[in-house]
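Next come the structures, one after another.
One chain, chain A, appears in both complexes that follow, with chain B as partner in the first and chain C in the second.
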Partner chain A sequence: MSDLPTVPATAAPRRSGGRVRVSGTDRIFLVVMVAIPTILVVLWVWLPAIASVVLSFARWTGVGGLDTIQWIGTENYKNVFTNYPPFAPALRHNLIWLVFLFVLPTLFGMFLAVLLDRELRGTRFYQTALFLPVVLSLALIGFIWQLLYSRDQGLLNAVLHTQIDWYGDSRWNLWAVLVAASWRHAGYIMLLYLAGLKGVDPSLREAAAVDGASQVRTFFSVVFPVMRPINIIILVVTVIESLRAFDIVWVINKGTNGLELIGTLVTANVIGEASRIGFGSALATIMLVISLVFITIFLSTVMRGEQR
Partner chain B sequence: MSRPRSESEYLARLIPPSVAAGGLSRRGFLKGTLGAGAAVSLSSLLAACGGGDNGGGGGSASKEVTFGSNQSDAVPKKAYADMLAASGLQVKVNTVNHENFQENINNYLQGNPDDVFTWFAGYRMRFFASQGLAGDLSDVWGGLSGFGDAFKQASTGDDGKQYFVPLTLYPWALFYRKSVWAEKGYQPPKTLDELVTLSKQMQKDGLVPIAFADKDGWPAMGTFDQLDLRINGYQFHVDLMAGKQAWDSPQVKKVFDTWRGLLPYHQPAALGRTWQEAAQSLLKKQSGMYLLGMFVGQQFPKGKEQEDLDFFAFPEIDSNIGTGAIEAPIDGFMMAKKPKNEEGAKQLLKYLGTAKAENIALKADPTVIGASSEADSASYTGLQKKAVEFIGSAQSIAQFLDRDTRPDFAATVMLPGIQTFLKNPNDIDGLTKSLESQKKSIFTS
Partner chain C sequence: MTSATTVTRRPATGATTAQARRRLTPGRVVLYVFVTLTALAWLFPVVWALLASFRDYDYTSTHGYVSLGGFTLQNYLNAWKQGDFTRHFLNSLIITVPAVLLTLFLASCVAFVVARYSFRLNLILLGLFTAANLLPQQALLIPLYRAYREIPLPLWMSDSGELLDSYWGLILVNVAFQTGFCTFVLSNYMKTLPHEMYEAARVDGAGVPTQFFRITLPLCRPALAALATLQVTWIYNEFYWATVLMQSGDKFPITSSLNNLRGQFFTDYNLLSAGSIVIALPVLIVFFLLQKQFVAGLTLGSTKG
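Our next item is the complex of A and B:
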């Protein structure tokens, strides 16, 4: 009988009402460890983001003190939507980027992962080869593909006997760039998915095999649902990659002539000699809103998943 | 130095022999690292402040003058290095890619600019001077000789003070190879009709009449300027650039319409080509002429090839307007608002405004001519001599589209606007309407 009360007694100091009781130095330590990242995030993420939103209602060249800022209401937004020809193509290109990345390289990367998970001969070699582009920066990838795409010396034109300027002709360049970006993205997705596949409990597959399910059926009915967290991560990674697409386009032609993206327009307006800080901020805010839609979907899915 | 010592002290203090808690030691280690990190950042902060103080204090302590250069191409880069080496001052050159330098100029000038930096005359200079981002050079100008009124005017800000020291300039014109033209019997056209006739003849002879490139977005602005100067004259051009004339006016529409008529004689697919590649086609005798600045000669090997290069003014379009207006952008130098070594900076600028400096720069780069009338023209190549004559006989001299108007308008409206025109030359009404409405939104500030 005396044993029973002792169990809650020892547990009580650790937990009361779900709160962790900690000693003085530990508390200071915890506060510091939470405060530093919080301060950094607020300072480097939230303040600039809020400042961008605020500045998007202003006209400012970025020169001189804050008193030189003129507040002009929603005029920047009005100009973005009605009086800035590059905006519509930029938005369209970002969406094409998202759909293309999702349909081709993401699915292809997942397919590669499933293949490599089957322990083919030389699987290590394939893994390395397919993952190699991921360690390169997108800017560098732009240069590498230039060798294939070049109008006069490029491999592609030599093979096809054409004279197409793949990076320079606005009918082709977005697709040419997407193929180059996909080369990298597929490797990235493959790695993420492969890691997920390795973590799937083999007994699940055995059970499915015992039940007589085919390989394809096993994947779609058993493995794929189990991989839900990885699937969400891949979805989010793809969305992020397509929204932050910038560098490959910037090294090619600074996001002009058929390669406009919202990110390049923000840079051209804010960073360039132009310094239309308010106008560029309005573009950045629009990008933020688009990102928030995806982030909200992602977070709500993850939270719901954790509650279950 | 102090970090490992204090860390081991920490660990020694925090782990009593009786306690075998691994977590504690790790925390102790972390605390140590955090402390050290804070100390490092604090000391670097202090050092940064100290550096600023020293810099503001005055020039006698440090003789070094920093020099920000946008001359990243090989030929002018060497010219500048030679020129600065002969200044007798200790100059630290910081060369940045030409386009990047211009794009970052705002951050550059507000951040930690070099004492002296390369820049352009005209509106593009006044724009930054009027925002208080450049140092007043009126007293330097007091010691300069050899610059005519036109150059002083081009170096003067809105407040009547000088902010710019000119070094060199070059004309925009139609360049061609003498040998090719002599062989085929071509003559420089005097009117637009003659230009079209000549272009047709060149096409028959298997040449691309006019080499053309606009990947970087600015070279095609030169074509717009030439047509505008010929069709509407200098004053209209200046007013248009200053936002005082409408972009959807019949005058501007006529410029685009004339350009559309000439596009079949331009090298196709220009948006994917750099001006260097287009210049190569002129060099390789694949194209007949090229409308560009004289820097096109940088793509021509020195000696025989460069000697073969010649140019003529863009032909007359309206006989009432004539061909008296040309474009000849002036390159030179400005001083930062608060140079770390003001005395040295002004000394350097005074030197850069002399014929001695110009002569060295000109020797290395024969595609420009000296701004100073005292520059030694005896060693000029034939091309340079012709450029002097060409500029000297001009009635009025414009700079260039992106140097004569607000930089934000040039970069975010005109650059994509002209590229849109080249992609679809048929919607001139829509394009000019859009340009005008964007201009209104920018020029209101």
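Our next item is the complex of A and C:
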């Protein structure tokens, strides 16, 4: 907090050089306003994040005190990659999750936003319908889609005349879950993109129309480049969502039998019977590193916008 | 009211350009059909659940779902009783209300300082808070879970005697995670407030507390309303922390109580639909009543202003 504005003893509050001078009590007030939330976020988010990294180099059952921790270097990581069968499928599932979310609902949501941006009558109805799943939790969405996916009474099997247990059969369940998750994701992306499109200066499109550009051409060579910040935000949102995916598979079968994800492995390693703190932390650190790359991209995009 | 009626009649003569643009070309018909079908497909799962929830299980298992008859409200009564919904809704309330209020208050504090005083720390602070909102929860689980087991609470605060399995612990973790997003949105909003007002207040001798409580917070009411709507939905829907940080099933808020309902509900689909509809109802009501706020809250975060 060394950057707090210095206080001239006599000065009345005034602005100089873009800075606001504040009096003693005001200064204390400002410090408290920043300090309390900062302490909370540091203690609850950043300190655990750092501790995860540190613990990933340890062997610890978590039962005894801190002095029972053994430091074993990178052995946990070696074990993750070479000696832990669920890791490869989990990583693969997370990647499939990302590609699927990106190729289907993300692009479809963007496409819908472009369609809805064209002054349709009844646009309110369309938006409401597409946006509805966004307010539901993914855990609940897992429940609702069971009505369509169930082997005996599910609608899907009735329509297809099949007998597939869509959530239970490891050949199908990841795809079934992804469709359900996409139902929510597309609406979310549609909304973010629509808001972005509404913010595009109409004169750009008019200029393109005057030049005789088709609507498709206008979108790709004029609108899309202008939307760069939103495009990046959507990319980051999709990556982070795929990385944190957890709720829907946990509620179905706790992330087993074809639904393994890195997030469920971490959780199972900690709250299960055999809690392997160091090993779980190594998995958590891998997640942390991947997410930090994209968070940095997100922040730099946003901050550049800030400074404009 | 009188002016409104005249306005609605005017387009017959006035808005020829708008009408020309809206003329139904074959392309536009295809567009309407496509968008309508998509919207109906999107509504389908919820409508299907709604229909199934009013059907009798024995009736639909013999006659199938494409049938008439067997309408009942019994599924709702059974779901409510078997899911112990009274308790779980109460838990959700106990967690959501304080968490949302605290989140908005703390976020307003940080946003106020970030927006009004150009510290060099400004960007770092915003980064610290926003990034916290995006980190995967699972990456923080292990140390947090251990710490929660170690931190004692007096029994009047938590009958487990520790932060783990207590409402306090869950409220705080939700606040820590959500403050980032709200700070980001609120600081953007506060930057748009007119400078002159603060100048005038300072000339009148108003200190920081007055500027914050009397000027900033009232002016931020629209942003706060939008964020409150969003946060109520998100914290009500929060699943992960409640699942891992609550130990006793009767303390689960409604969303994570789904963990324990699977066994009972997945065997009787009409019960499952009724239960799902009940759990969705609070957020659906919020959504239909406050859709504008909800959308505003989300888009404030992604676009500026």
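Methods note: the second predicted complex is superposed on the first by the 257 of 308 C-alpha atoms of A that agree within 3 Å, B and C clash if a C-alpha of one lies under 4 Å from a C-alpha of the other, contacts with A are read in each partner's own complex, and residues count from 1 in each chain.
Simple rule for what comes next: a residue touches a chain if its C-beta (ideal position, glycine included) is under 8 Å from a C-beta of that chain, and two chains touch if they have at least 3 such contacts.
This structure is a prediction, so every number in the text was calculated from the model and none was measured.
Judged by the number of chain A residues each one touches, C leads among chain B and chain C. Within the superposed three-chain model, A:W145 lies in touch with chain C and out of touch with chain B [touch as defined at top]. When both complexes are overlaid on chain A, the residue A:A49 reaches chain C alone and has no touch with chain B. Legend: residue contacts after superposition of the two complexes on their common chain; A:T61 is shown touching chain B, with no touch to chain C.
Look at A:L243: by the touch rule set out above, it reaches chain C but stays clear of chain B.
When the two structures are aligned on the shared chain, A:F298 is found in touch with chain C, with no touch to chain B.
Of the two partner chains, neither chain B nor chain C is touched by A:N231.
By the touch criterion stated above, A:I271 is placed in contact with chain B and with chain C alike. In the superposition on chain A, A:R121 makes contact with chain C only, while chain B stays out of contact range.
When both complexes are overlaid on chain A, the residue A:F29 reaches chain B and chain C alike. Taken together, the two structures place residues 29, 36, 62, 271 of chain A in contact with chain B in one case and with chain C in the other.
Of all residues in chain A, those touching chain B in their complex are 29, 32, 36, 59, 61-64, 70, 75, 79, 83-86, 151, 165, 167-170, 173, 253-254, 256-257, 268-269, 271-276, 279. Chain B makes touch with chain A in their complex at residues 27, 31, 34, 102-107, 110, 131-133, 215-217, 269, 271-273, 407-408, 410-412, 415-417, 419-420, 423, 434, 437-438, 441-442, 445. Residues 1, 3-5, 13-15, 18-20, 22-23, 25-26, 29-30, 33-34, 36-38, 40-49, 51-52, 55, 62, 112, 115-116, 118-121, 125-126, 128-133, 135-140, 142-148, 150, 153, 155, 158, 183, 187-188, 191-192, 195-196, 199, 230, 233, 236, 240, 243-244, 246-247, 250-252, 262-263, 266-267, 270-271, 277, 280-281, 284-285, 287-288, 291-292, 294-295, 298-299, 302-303, 305-306 of chain A are the ones that touch chain C when the two sit in their complex.
Touching chain A in their complex are the following residues of chain C: 21-22, 31-32, 34-36, 38-40, 42-43, 45-46, 48-49, 52, 60-61, 64-65, 106-107, 109-110, 112-113, 116-121, 123, 125-132, 134-147, 172-173, 175-177, 179-180, 183-184, 199, 202, 207-209, 212, 233, 236-240, 243-244, 255-256, 258-259, 261-262, 265-266, 269, 272-273, 275-276, 279-280, 283-284, 286-288, 291, 294-295, 298-299, 302-304.
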